[in-house]
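Here the chain labels run A, B, C and D in written order, and each chain numbers its own residues starting at 1.
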Amino acid sequence: MSQRFKLLEICRRALSAFAVVTAVVPIYLLIKQAFSVELDSFAWPPRWIPHHLTLEHLHKVTSTGELRESLIRSAEVATVAACTATLLGTMLAYAMTRDLRARRWGLAALTASRLLPMIAVALPLATVLIRVGLYDTPSGLGLALVHAAIALPVAAILLLGAFAKIPLELEDAAFLDGASQLTILLRIYLPQLKQALAAAFVLSFLSSWDEFGFGLLLQPTNRTLPPLIYYYAVFGDVGAASALALVSTAPVLIVLVALRHILIRQPKPPAF
Amino acid sequence: MRRAGRFLRLSCLGLPLGFLAITLILPLLSGVILSFQADGFSLENYRFVLGDSLFRRSVYNTLILAAASLVVEFVWGLIFALLLSSRRRASFVTEVSVLMPLLIPEIVFLSVARYILLPRGYLNGALAAVGLPAVGWLDPRSALCLLSVALVDAWRVTPMVTLLLLDGLQGIPAELYEAALLDGAGSFAQSRYVTLPLLKPALYGALVLRGVDALRIFSTVLVLAGPEGAPVMSTYAYQLWGDAMEEHRAMAASVLLATMIGTLGAVVIAFRARTRASGGGALEGLSG
Amino acid sequence: MSITVAMALFPSEAIIYRNILKEFESISGTRVNLVTETYGDILHLLFAQSRAGRGPFDLVEIDIAVLGQAREGVQTLPQSMLATVRAVFPEPAWKVGIVGNQLYFVPHRIMWQAMIYNRLRVPRPPTNWDELAQFARAHPNKLALKGGLYEGIVCDAMPFVWEAGGDELEPTSTDTLTALDFLAGLGPLLNVRSAVFREMSVLEAQARGEVWIHFNWPFAMRYLYEKGLAPAVELSAPVPIGPKGRATILGGGYLGIPRFAPHPHAAELFLRFLLTREVQQRLARELGWLNVLPEQSDTEARMLYDGFIAMRPYIRARATVPNYTGLSNRWQRALEALLFRNVPAAIAVQPVADWVGALRYEKSRPVS
Amino acid sequence: MAELVMRDVSRIFRSGRGVRNLSLTVEEGEFFVVLGPSGVGKSTLLRLIAGLDTPDNGEIEIGGRSVTHRARPDHTVAMVFQNLALYPHMSAYENIAFPLKMMGLGRREIEERVRRTAALAGLEIDLNRRPSQLSGGERQRVALARALVREPRLILMDEPLSQVDVQLRSVLRVELKEFQRRTRRTIVYVTHDHDSAFVLGDRISVMHEGRIAQIGSPEEVYRRPANLFVARFLGHPPMNLLRCQVAESGRGLWVNDVRLELDPPDGESGELVLGIRPQDLSVQPEFGAVKLEVKVESLEYLGARYLVRARLGNQALLVELPRSLQPGQIAHLYARADRFHFFDATSGERIGQTHDKASTVTKG
């Protein structure tokens, strides 16, 4: 028994070590590339420890118009997407909470929208957005709406869980107290959903902030951050790509590590 | 009864669903229509796509990639979930490390993976440092390239699987293990007769979710291998649209992908309905 | 008055470009409203305007590869414009805009390809086909083509076809097949990732030393220079000469005045302003465009762009067929089969021949 | 004057549960308890009165006005919910003030009425505390105050005492009864706990499968259960119910092969169900008492008394006795003839003694 226990413990340690290494090495490489001159990044054999440190990439990222524009655009798109997804998610969750038929319809729609392959939506969507003048706009409004649609299922399910925790009697009580349906939603439900609303907002925001495919297809010139990182990464600008990646990752990491527990306890996404 | 509230509820249901319809379903339908257009209404685009050897290779690659990625991420996901849920709590560092790939934006993760796997990347550098020859991890059309893509994809989503399974594991009451222990079950027997059967719903749900995602694989291929290196259905459509400017054929290809995934979804829903009817309740927990 | 202009500029380029516009605005008193879009989108906008019979655009920039398609969307330009253009651009560059004695487009900025080589690894770059083949055999995996399934492979392969005396509209001619056979011979020796390379990814491979020779546009030199690699490591050289001479491929943006442009005369005025030598020089200097390179006196720049400058007399434009994309797509597939799947040239090129044949048939049909 | 009248009200759900053809009248100032096991339709009844649900058919009147088809609840009805349904994000004060705010009253009037009502409900706490910071009893009073503050004609209570522990419950029960006596409010109180029903109710209505099985004062429903359901449901341990046969002579009964010298009600013959409460049996012979010869099987010690499980014929019999008996022993038990209840074996209805005038039996 004790020997087997030891073996298990060794396995546990090894696994932990493996997880740590696979997590730390990429982050280290990213930081290294962001702060070393590009010749270091192109060297062969690869330099694990940079020879020349520089702030040039970070400076470039934060000072060039294009990069700053993307940063701001990404933030705007993510904010609009998160607000829309949270608002619509709240509405949907509210409608689904007490009504079985609404719940069935809602779940079916959320499931269907989760099943759609990005490419099958994005290509025709580009055509549609061109027609309505929302394709590749500087504000990225079209993309923000699409991101909202993608984030909606997660937000709605999360809020649905939160709604379900509020006892039905509270609504009945408020109704008997003379509150209208809208008052019930605004003054009884919403104040109790603060945490879930915050979680839905943060998750929607991050999902938009991280989203790549639709951004690539719908904002070919007025880019958001992920496609811009893609262009710099695949098009050879190692330093700028890494610096940009750091800039875009840092806030995400801070938020997510802080919200680790919400994440781990996040309600599961809708099934089919 | 409460007629006054009905309007609010109906609009609360209708508005978001309408929004989903306009942003997702409507474009999809217009894509379907476009895919049938080629000098008038015809099946020409489908004929082209289905007759294209590159498309056939894309279908093959999509299926292989999905299968490989799923196997890897579920094995790892289960191992990590057990690691995180074991009675001796994992340290903060381990916890964050296991989740790390999920915390980093997808594109950042993929570009770092690319820097690692390039012919003169860090992995080959590490191999050279110990005197091993370089390996063509991303050589176009090679089986190794497919494997690399599958591994990176699995590496990125394993935390997601871990979380889904962790949720399932944490739902298993500790008393059951104690009871099994008292009944004389060893750790293998415990996992065989307690963990696995009770984890089944979570496992099944995660498998469905990830299966759909695996078939949709796009970014990983685009960043690591390029649309020619390991063509999959989504990059095939993207390439027809962006590079070849064959809009209608691109739509046909993406409609085929959507159909494939939709069929899978329908099968799963039907299967789920059956297991639920027979008291299996496989995905019950997942419907929120 | 104000005119609306659609150009395919990067946001960072647009800032510099607007400064140049200011000069025109102060001279003419006409405001220029600059809209930056991708080439693909500008084409869409152009078609939309010509179909609707009205629209906001007075001037559009079109990619050279789709001039054939775009022609139906623009009006003809006065022949007097040619005098201005002739003074600045080489002949093949302005000839592209002429169809049947009518001038539709004038060059805005042009560029062409040359060979990029690693001078530490390749002290003496290959100057002709034999030397190129010799290099490829001596250093397998070090020569690269932009072999991805996009226009890039056509840009790399077509100069070889032309250098053999062939033509992209004569896919089965002996001369064309000579070039294709030569390329087929190089196929197995190319860098393995050639099948996925595009402009920037092949450039990155060159910067990393994975590739020692490849063909690319002038911005490649600027990229390498910024990395500290050129001229220390990387230089440009002419494309190796073939059995029937030299050739390189012309690329760039062309300007046209859309049909139903609200202010065609103001647009024409603006066009003349853009095509003056001074403005072109300024664009070249400030944006790094290659239009008027011979005048660049800077020695380091001369050294970097040596190969490009040497190729200036051998510029050749792509065929201006309507639906050039269709032709290009067939050629891409044919070259992919030839280079990476060992399909014999005659078989690989058959779909192109069929497509060209259909085009001829279409053309020879009496117009009703 | 009747405060609440329900006439032939039905509300049936797809599951088959609900309320069927129910009629009742609650007088002004009455404490009316609806008693029944869970799932019997009590809550549905309450929701129909409150206006949270609309009947499929039938009429509901409150204070002489029909409220059957009201779109919104008026200020005549208030409700205290089982889980109290206090708004967790509001302070006690805000909870009580909420209905007044919805009525659109001014701040000063609200303040005045909240203070007054809080005092009436016996709240002597800092009203700025949230429900989560209050004890069970305090929450109870806040909920009561919130219901009272609008001065409704009718207060509905859905087992509001079920969530507090047993000792507090008996205290609160007494307080509530006291409160009702003082204020003469009309209260309809729903519960499954017959102790509460007996303590609180001026009248009790026992419900069974969506219908009212019996209405009457606590004594009436306990002493003269109208049917087998009420007989079984009220009392602890439950009433013994024995199948028996009227002797052919029409006098005396057969419980299996044991004969009881007990005369069935006049004119009855054939099979009957005989009921006797465990507390009504004794080991002391008494003049005129009916004697039962039983076999003792086992016994449980209850503290003050013993619960004896015995057999009469081959039917089980429970007896509560002040002293113990020996298992296996044959014992003689006695009960006064008027303590026996007779029920029709097929319909389950009471036979013999007539019911009180006030109580009615609704028949499906």
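We adopt the following convention: contacts are C-beta pairs under 8 Å (C-beta built on N, C-alpha and C of every residue); 3 or more make two chains touch, one makes a residue touch a chain.
Just so you know, these numbers come straight off a predicted model, no measurement behind them.
Engineer: Enumerate, in label order, the chains that touch subunit A and subunit C alike.
Structural biologist: Of all the chains present, those in contact with both subunit A and subunit C are B.
Engineer: So which chain is farthest from subunit C, going by the mean of the CA atoms in each chain?
Structural biologist: The chain farthest from subunit C, judged by C-alpha centres, is D.
Engineer: Using mean CA coordinates as chain centres, what's the subunit B-subunit C distance in Å?
Structural biologist: A distance of 40 Å separates the two centres.
Engineer: Report the inter-chain centroid distance for subunit B and subunit D in whole angstrom, where each centroid is the mean of the CA atoms.
Structural biologist: Averaging C-alpha atoms per chain gives centres 58 Å apart.
Engineer: Can you give the whole-Å distance between the Cα centres of subunit A and subunit B?
Structural biologist: Going by mean C-alpha positions, subunit A sits 16 Å from subunit B.
Engineer: At which residue positions does subunit D touch at least two other chains?
Structural biologist: 52, 72
Engineer: Counting only residues that touch at least 2 other chains, which ones in subunit B make the list?
Structural biologist: 2, 4, 120
Engineer: Can you list every residue of subunit A that touches 2 or more other chains, as numbers and ranges?
Structural biologist: 44, 175, 234
Engineer: Note which residues of subunit D are touching subunit A in the complex, please.
Structural biologist: By the definition above, subunit D touches subunit A via 47, 50-52, 72-73, 75, 77-79, 81-83, 85, 87-89, 98-99, 102-103, 146, 150.
Engineer: Subunit C touches which residues of subunit A in the complex?
Structural biologist: Interface residues on the subunit A side: 37-39, 42, 44, 64-66, 69, 130, 135-136, 220-222, 234-236.
Engineer: So in the complex, the part of subunit A that touches subunit B is made up of which residues?
Structural biologist: Subunit A reaches subunit B through residues 4, 12, 15-16, 19-20, 22-24, 26-27, 29-30, 33, 41, 44-46, 48, 84, 88-89, 91-92, 94-96, 98-99, 102, 105-107, 109-121, 123-125, 127-128, 145-146, 148-149, 152, 156-157, 160-161, 175, 180-182, 184-185, 209-213, 217, 225-227, 229-230, 233-234, 238, 241, 245, 248-249, 252-253, 256-257, 260, 263-264, 266-272.
Engineer: Once bound in the complex, which stretches of subunit B touch subunit A?
Structural biologist: Listed in rising order, the residues of subunit B that touch subunit A are 2, 4-5, 8-13, 15-17, 19-21, 23-28, 30-31, 34, 79-80, 83, 86, 88, 90-91, 93-101, 103-109, 111-116, 120-122, 125, 128-129, 155, 163-164, 166-167, 187, 205, 208-209, 212, 215-216, 218-219, 222-223, 233-234, 237-238, 241-242, 247, 250-251, 254-255, 257-258, 261-262, 265, 268-269, 272, 283, 285-288.
Engineer: Considering only the defined contacts, which subunit C positions touch subunit A in the complex?
Structural biologist: Listed in rising order, the residues are 10-12, 15, 36-38, 40-41, 44, 199-201, 203-204, 207-209, 223, 227-229.
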